[in-house]
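Multiple structures follow.
Each of the two complexes below includes chain A, the first together with chain B, the second together with chain C.
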Partner chain A sequence: MLASVNQLLQIVAIGVLSIFRPPYRWKNYLREISFVGSESFLVVIICVSFAAIVTIIEASYHMTLVVQSDAMVPGFASLLIIRELGSVITALLIGSRVGAGWAAEVASMKISEQIDALKLLRIDPIKYLVSPKIVGSVLGTLLLGLAANIICLICAMFVTKLKLGYPMPTFISMTKLFVEVQDLVFASLKLMTFGFVVPIIACFYGFRAKSGAEGVGSATTQAVVSISVAIIFLDFVLSYVFSHFY
Partner chain B sequence: MKNETKVGLLFLFTSILVVCFVYLLGSFDLFSKSKEIHLLYNFAGGIEVGSPVRAMGIKVGRVENIRFDADQKDARGEEVKLILTVSIHERAWDTIREDSRFFINLAGVIGEKYIEISPGSSTAKHLQDGGYYRGIDPPRIDQLISQSYSLAGKILELVENNEGDVVSIIQNIDRLVVNVNKALSLVTNSKAKSEDFADLIGNMAQISGDVASISGGLRSKEAKETVHLLYRLMWRLEDLDKEAIKKFFQEDGIKAKLF
Partner chain C sequence: MQILRSFVDDLGLYFLFLKEVFSTFCKSPPEKKYIYSQVLKVFQSSLLTTSFSGFFVGAIMTIQFAMQIKMFGASGYLGGLSTSGTVREVGPLLIAFLLSGKVGAYTSAELGSMKVSEQIDAIRCLGANPIQEIILPRFIGIILASFFLLVYGILFAFYGGVLMSYIFADVNTLEYVRHVPTIMTGISLFSGVFKSIVFAFAIASLCTFYGYKASGGAKAVGKAVVSTSVACMFSIVILDWFTTLIVDVINRWL
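On to the complex of A and B.
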């Protein structure tokens, strides 16, 4: 247990500090940002948009049921999307897609002794493997999450028009009433935190992989589960902390 | 496609979306020209930074800043401790004058607070950019309820302490109404013709007219001078020998002439 915590802290410390130490492998950074942000773009946008559509329809149903009016739905659905839905769903999807990929990659390198080969070549495996992933994940998740949040709102606006019958200017004015730039800033901080957690946990389980194909599979599964739990837990912690600033 | 291109496109796309979104939220406006004024209140009724400012019901600006100042005073010297800095779009600037009034209002089903500016008269001066103007404090609901409660308590106490008097007053009013009713029915059923009543009212109107004319005459310049002269005369006579005056008035003067 103590050894695991030590290894995790080592990955965090060396991984973060190595970002600021030469040599800077820009191509590796760009490759990871592209892997997280650009290549996950479509799947994240589709999932988040559908989540927004469901939120609008369900909120309208519940509001009509309780207060006989869904006039407030565009406003608080926008707030919910910006503060919670957009960031968490994006992070969970990235955690599943990218986290699984990274855990499998590092685990394969571990069982095929490529990590040992890196050590022989006097290359720090954490600096070489983890640091680019941290940069790629933080920036990629931030860019993708912000885009997903706003596209999600655009989808919500169309659904509000088509399903609830409120014109688009009404949606915009309600959004302006509820949402502030502060919400977007807090959403960005959440996205960056989630983005930081994904490569740390993925690489941690990758480095601990046991030999054989079964070891890779097991490391990947554990990584995805841990990433999902960590994102949900961190979302609670961050929401609680940010609630003091509202 | 190269990784550089992919990342660049993602960055560009996200940046455009974020800028458009923040612009839409109205947090910054690149293309509008607005001026600022400071509104002074003692109670702002829950207004917040970002609350809209409307002139004649149309949004023309927003509350930019709220600050407290213990030493602030308005133009009449009244202490006003709350300063709201509001921006007003140039298109509405000309219609808002120094005699405009700045209300804090409530709108919508969720009670959104905003500042409503009534248009000033065209003869009044324009506002000064960065000037300080007194706003109209909204009524405090808690204070109104408290005052109503206190007033109701006092009325109740008054009634309880003077229960007998109150009953007596009500009974007297009741009797008065009955008597007035009887008097009116007597007038209605009397044999006197309606012309007589009309004459009576006509005469009364004439008398009151005459009295008004006399009293109006008394207020004239000549009448005032006469009264003043009489007054002075009385004072001058005061110093004379009372016996001599008496003799003059009673024996040699008025009385001698009359009899």
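On to the complex of A and C.
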């Protein structure tokens, strides 16, 4: 228990600090950003558009039940999308796609003794493997999440037009009325936090992998589970903290 | 184009796999004790995670609804709205995301490493049908266990909502519970249960499919796990939309 906490803290500290220390391997950083972006872009876009449809349908159901009118649906739905769904769904998808990929990569490097080889060459494996992932994941999740939010809102706009019959300018003006700049700042902070957690947990379980094919499998599984739980828990904490600033 | 082609390939293989599983199930169903042991295994491994995440999902939904409802001064409706929203929609979705990581990834890693180390071929060599011996107990066991875990997680989401409404929104428990039956109708409950069944089926079939398909070395196991969790999340979101449409149609018809 104490040893694993120590290892986790070591990964966080060395990973973050050695971003700012030479030698800088810019190519690795760019590769990780493009890995995060390109691997999950299509999946995130499709999932988020479907989530938008469902959000509008559900919001209109509840609003007609309580207030007997669905005039507020555009505002409420866009608020829910920006504050919650856009970021969480993006982060969970990135966690399972990219996080699992990284855990599998690091674990298979570990069991094929490539990490020991890195140590032999006097390259710090945490600096070499974790730092580019942290940078790539924080930036990649932020960009992808903001894009996902925008696409989710656009989809929601079309669905309100088709399903509830409100014209698109109404949706935009309602969104302007409800959503404030704070919401966007908090959404970005949330996305960056999620992006920071993914590579750390993935690499933590990757470094701990035991040998054999089962080792890679179980490292990947544990990484995916811990990332999802951490994202939901952090989402709760951040929502609670941010709710005091409105 | 490459992505589309591999997607269509996988889809075809998936349906062939389902056909094989169902025909084996009709011909010779697996013994009950194997199914029960799988159910027990899944429960043991994911009960804690499910209750934890369910609790926080309920808490998150209550915070979000409370912030929006406060604008209208309708805090009394908080209980009904957040319970209904969680049960109908967000609860099954997020808990199924989590289970797809926990159960799905675990099972596909297990099956993948069995396949890679040629244990499944060994079973075939001994004259037994690997689908009947290995896949079917897991398939049925995961469907049963995930369904009950999802329902259980939604129950915990309710507890999380109650606690959060007391701490955060100053709505006491009695007031919270009083408005649950007025807003959450039978169709909402049906929606939650129906979604749980569909998601459980999606998780079970996808994880066994990708685990059974794995071939190659240790890397293939990792790849199987990654594609399982992605495919699970993707299909859960799409099935979520689909079930919402079905429930909407049923709701209008009633």
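The definition used in the following text is that the second predicted complex is superposed on the first by the 246 of 246 C-alpha atoms of A that agree within 3 Å, B and C clash if a C-alpha of one lies under 4 Å from a C-alpha of the other, contacts with A are read in each partner's own complex, and residues count from 1 in each chain.
Here, a contact is a pair of C-beta atoms (placed from the backbone, for glycine too) under 8 Å apart; a residue touches a chain by one contact, two chains touch by 3 or more.
Just so we're clear, the structure is a prediction, and the values are computed from it rather than from any experiment.
Shared-chain residue A:R97: touches chain C; no touch with chain B. Of the two partner chains, chain C is the only one that A:V43 touches; chain B does not reach it. Applying the stated contact rule after C-alpha superposition, one finds that A:F20 touches neither chain B nor chain C. Looking at the superposed arrangement, the partner reaching more residues of chain A, out of chain B and chain C, is C.
Once the two complexes are laid over each other on the shared chain, residue contacts for A:S218 go to chain C alone; chain B is not touched.
Shared-chain residue A:I33: touches chain B; no touch with chain C.
Contacts of A:F236 after superposition on the shared chain: chain C is touched, whereas chain B is not.
When the shared chain is aligned, chain C comes close enough to touch A:I89, but chain B does not.
Only residues 42-43, 46-47, 50-51, 53-54, 57-58, 61-62, 65-67, 76, 79-80, 83-84, 88-89, 92-93, 96-97, 100-101, 103-105, 107-108, 111-112, 212-218, 220-221, 224-225, 227-229, 232-233, 235-236, 239-240, 243, 246 of chain A touch chain C when the two sit together in their complex. Across the complex, chain A is touched by residues 3, 49, 52-53, 56-57, 59-60, 63-64, 67-68, 72, 74, 77, 80-81, 84-85, 88-89, 94, 97-98, 100-102, 105-106, 108-110, 112-113, 116-117, 168, 183, 217-219, 221-226, 229-230, 232-234, 237-238, 240-241, 244-245, 248 of chain C.
Taken in their complex, chain B has these residues touching chain A: 3-4, 6-7, 9-11, 13-14, 17-18, 20-22, 24-27, 50, 109-110, 112. Of all residues in chain A, those touching chain B in their complex are 27, 30-31, 33-34, 37-39, 41, 69, 71-72, 140, 143-144, 146-147, 150-151, 153, 172, 175-177, 179-181, 184.
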